[in-house]
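Next come the structures, one after another.
Here subunit A shows up in two complexes: once beside subunit B, once beside subunit C.
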Partner chain A sequence: MSTVTVAKKDFKAARRSKLLWAAAIVLGLIAAFVGYVSGNAPGGDAEQVRALFRVLTLLLAVLLPIVALVASYLAIAGEREGGGIKFLLSLPNTRRSVFVGKLLSRNGIVAGGVAFMYVAAISVALTRHGAFPAAVVFGTLLITLVYGSTFVSIALAMSSAAASRSRAIAGAFGTYLLLVILYVFPVVSFGDIARWVHTTLLGADANPDLYNAVQYTSPYLAYRKAVNLVLPADMRQIVFYSSLPEDVSYGSPAANEVLPLYLQDEFAPVVLAFWLVVPLLIGYALFERADLE
Partner chain B sequence: MNRRNQLGTGLALLAVVLFAVPAFFPVQPMLTHDTGETAPAPPAELRQQGYEIVAYENLSERGQELYVTTLEHDGEYRVAVGEGAADFGYPTDEEVRAMYDNGTEPGVVIERPEDAGSLPPSDERFYGYPSDEEGLNESQAEQRRQQIERYDAMSTRIAQPPLGATPQLIRLVSVLLAVLSLGVGGYLLSSK
Partner chain C sequence: MPSIQTNGLTKTFGESVVAVDSLDLTIEDGEIFGFLGPNGAGKSTTINMLLDFIRPTAGSAEVFGMDAQDECAAIRERIGVLPEGYGFDDYLTGREYMEWAVETKDADDDPEQLLDLVGIREDAGRVASGYSKGMQQRLAFGMALADDPDLLILDEPSTGLDPNGIQHMRSVIRDRAADGTTVFFSSHILSEVEAVCDRVGVMNEGELVAIDSIEGLRESATGQATVELECASAPRVDGVADIPGVSAVDVADTTLTAECSDPSAKVEVVKRVDSQVEVVDILADNTSLEELFNQFTGGGRDGDGSVGEGIDLEDSQEASA
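So, the complex of A and B:
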């Protein structure tokens, strides 16, 4: 019961935040605008709406981590620095109930933002194209919620481990840089580092599948690949070009099937599940042992 | 506090209305005439390429009017459905794609009169003089230019007006206001 109490209290406090509502409005406006300018895809109305949600997921892949990290990075670190943690942990609340309550609340906040964006996009899709491909809409929504949850987990874990607000901010910023920005603007990519170690340091023959597997550890790429699971083959986002034979058409199902199992779209939920669970376990373990005095 | 609730509820309801309104007033497709396309080839070659060539004099009065008005509007002119000319076909975007697949060009090539002084200038583009291999001197090249300008391609189709058109912008504003209204209303209701 105390977990629910913590979650309710935290959610109530967060929903009063002007900043979070402003973020939700901005996301909604972006979705509405994307819905408005999209519509040049080949095919009928349903294809246009599928293309709209495909573009929306590309935007969410970059924007949602910011929302999730901002919404969660102070969940526990803020309470610690402000001294509120002592009241939160008074009987009957345990550290676990605080941790789980904060997790539920922050996930609810991020889900609210995503829902806001989807309401705007669905509205434009229905009024402009008169089509509602439910599998794509609800499929991308579900995958997006999971993606948002992974960054809530990461931010909450860091917030649990950080003793101060500044460390929590640094952690959130570093997470976004390492897990998203370096994949969007690959100045230094983990795949390239793996290639250098593999071929230069170890002197082995180049193995693109191996380097792509290293890249695939990112929740950002996992999200983009997971979205493919609910999109038609010709709308598939190709991520690992270097692992594809030259004679394979990018728009065919073979573009996924010829990849090794660990690079296929079906492997994306495994990567997302890893980022959803492991940071939470580590964060909880650190929070349990933390000296909160 | 009560006033805050009322305002929040009002804004949320307004958002629902603004989200729904565009569905009841769909943007009507329009008949588009576009002379921007260039068909730089002799008539026989144009026919081979799948173009239909129609002499300006053979167009109906409405067809001539639409062609002239299109040229006067910088090469693009739209009219409501029902206000087109029987001389032109108005395929949908999908039909246009199918025509391209079949090797047919959408729209027509209008053969302007020899003396087209009463018409606005053709907007066909002549991309420089022919290469030396064609062996054309300057006067022959000038003849080629005049021929290209005489055969003016005009594509016609039925399509939604562009995003900058007023009916489309009204819809955009409606949805943006709906999002704003829902966000502010939600905040007012949540922060009581």
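So, the complex of A and C:
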């Protein structure tokens, strides 16, 4: 009960933030723009719309972590620095209800942003192509919401660990750098670092499966591979090329099936579930123990 | 059952800072207890431990017989708090904050009535973060009053309030106390505590240095009453210094100042001087409580830190028992 009251108040205050509305509108415009420029894919109308949503997820993969981090990094740290936590915990709320309430509300805010993008993209798809491939639309929407939630969890954990605004900002920046940039940036990506340590430092023979597995710990890659689960085989992406035998072509269903289980698309939900749950547990434990002054 | 009880409650920050040092405190049901001390004495730290904002290093705190840490949810159902260091950060109006407090407490109070009680009903439609400090304090006080709590914990409640506001808050506190609410409030202002409280505890450097009724504290004080007489011509010292209860006499030009260890000696001083020269003006200072406060707290942050001599704390506590 008090969890809901915490979430309601938090959401109410957020709804009045002009910045959030501006962000939501910008997101909607971006999605509409993507819908407008995509559309040169081969095939019929439904194919065009599938391609549109595939491009949208590519964009969301780098954009949504920023949205979720910005929307959530102050959830707890801001209340602590601003003194709002004093009221929250003077009233009949527990730290758990504050934490869970914030989690619900910030997830709601991020979901709102995603909804803006989807409404815009669906509108463009319907007007331009008149097609609505429901499986792809709702499938990617569901996976996108889960992806957004993982970064809300991570940001909330950061926010619980940080006693002040400035530390929370540093935490949010660091998270994006670590979990998105450092997985995709060539040469310094975690996969490349693992390869260097393994072959140069330890002098072992190259093992692409291992490096790909290291890459796969990223929620960013997990999201992109999870999207594959709802896309037709020829639209799939990130198939860990270096782990593929020579004779398997990238676009075939076999490209996923020949991989070890821990590199397959089906493993993506496990990675996402890890990032959804573990940061929350750590964040909650930190918040529960913290001295709130 | 006492409303508040602490046993050996201790909080240290880092290695060396002892904010609260084995505090044993019992607040009985229904009393108005003033928690007095200079800045940094450990008052807020104690309150924060009662509210489970911070966790004790050692010892325990109980509210209504429930452990402050393990049963904080049940405790919060029954208390009203005006915390220290709060902030109205969200983009919500005063009315919405009040409605939120009422809703969270599951109270049947009318938010409008509470807003009216603390005198901000007319401004309740404005965003609370734009309020002046005094208005925020009123709103926070009003939120504490929701659901008619069994215990009010007020941390420096008069901060930022104008004299009318202070006066009004006092009368509300007295009304609530008359209805059976226990009130625990901290302050560094003596007159405030004196005006409202049944019993006072004085904190200094993390320790409880005195706990007694106002009268008890006054009696235990070695504080001097002084009387200052402005005369038409220079008065003489002799004849005044012999009065029983007068400990020191000083004459500067036409002003005679007598310090009396017995306050009742002041009258005799005036009579005696008046029989010699014409007295133009009389200034009597009976508030030994200020001095008492300074004695207990060694002048607080501004003193030399040595706790004044001449007060036997053990005696003063026994006297009240």
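Everything below uses one rule, namely that the second predicted complex is superposed on the first by the 289 of 293 C-alpha atoms of A that agree within 3 Å, B and C clash if a C-alpha of one lies under 4 Å from a C-alpha of the other, contacts with A are read in each partner's own complex, and residues count from 1 in each chain.
The working rule: contacts are C-beta pairs under 8 Å (C-beta built on N, C-alpha and C of every residue); 3 or more make two chains touch, one makes a residue touch a chain.
None of these values were measured; they are calculated from a predicted model.
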Subunit B versus subunit C as contact partner of A:Arg16, first or second or both or neither: both
First, second, both or neither for A:Asn93, with subunit B first and subunit C second: second
Touched partner set for A:Phe173, first subunit B, second subunit C, both or neither: neither
Which superposed partner A:Gly84 touches (first subunit B, second subunit C, both, neither): second
Partner chain in contact with A:Pro42 - subunit B first, subunit C second, else both or neither: first
Partner chain(s) touched by A:Trp196 [first = subunit B, second = subunit C, both, neither]: neither
Touching partner for A:Ile25 - first (subunit B), second (subunit C), both, neither: first
Shared subunit A contacts, counted only where both subunit B and subunit C touch the same residue: 16
Residues on subunit C engaged by subunit A in the complex (per definition of touch): 48, 51-55, 72-73, 76-77, 79-81, 83-92, 96-97, 100-101, 103-106, 140, 143-144
Contact set on subunit B toward subunit A in their complex: 19-20, 22-23, 26-27, 94, 97, 160, 163, 168, 171-172, 175-176, 178-180, 182-184, 186-187, 190-191
Subunit A - residues contacting subunit C, complex: 1-2, 5, 9-10, 12-13, 16-17, 78-79, 82-87, 89-94, 289, 291-293
Sites on subunit A touched by subunit B in the complex: 15-16, 18, 21-22, 24-25, 28-29, 31-33, 35-37, 39, 42, 44, 116, 119-120, 123-124, 126-128, 130
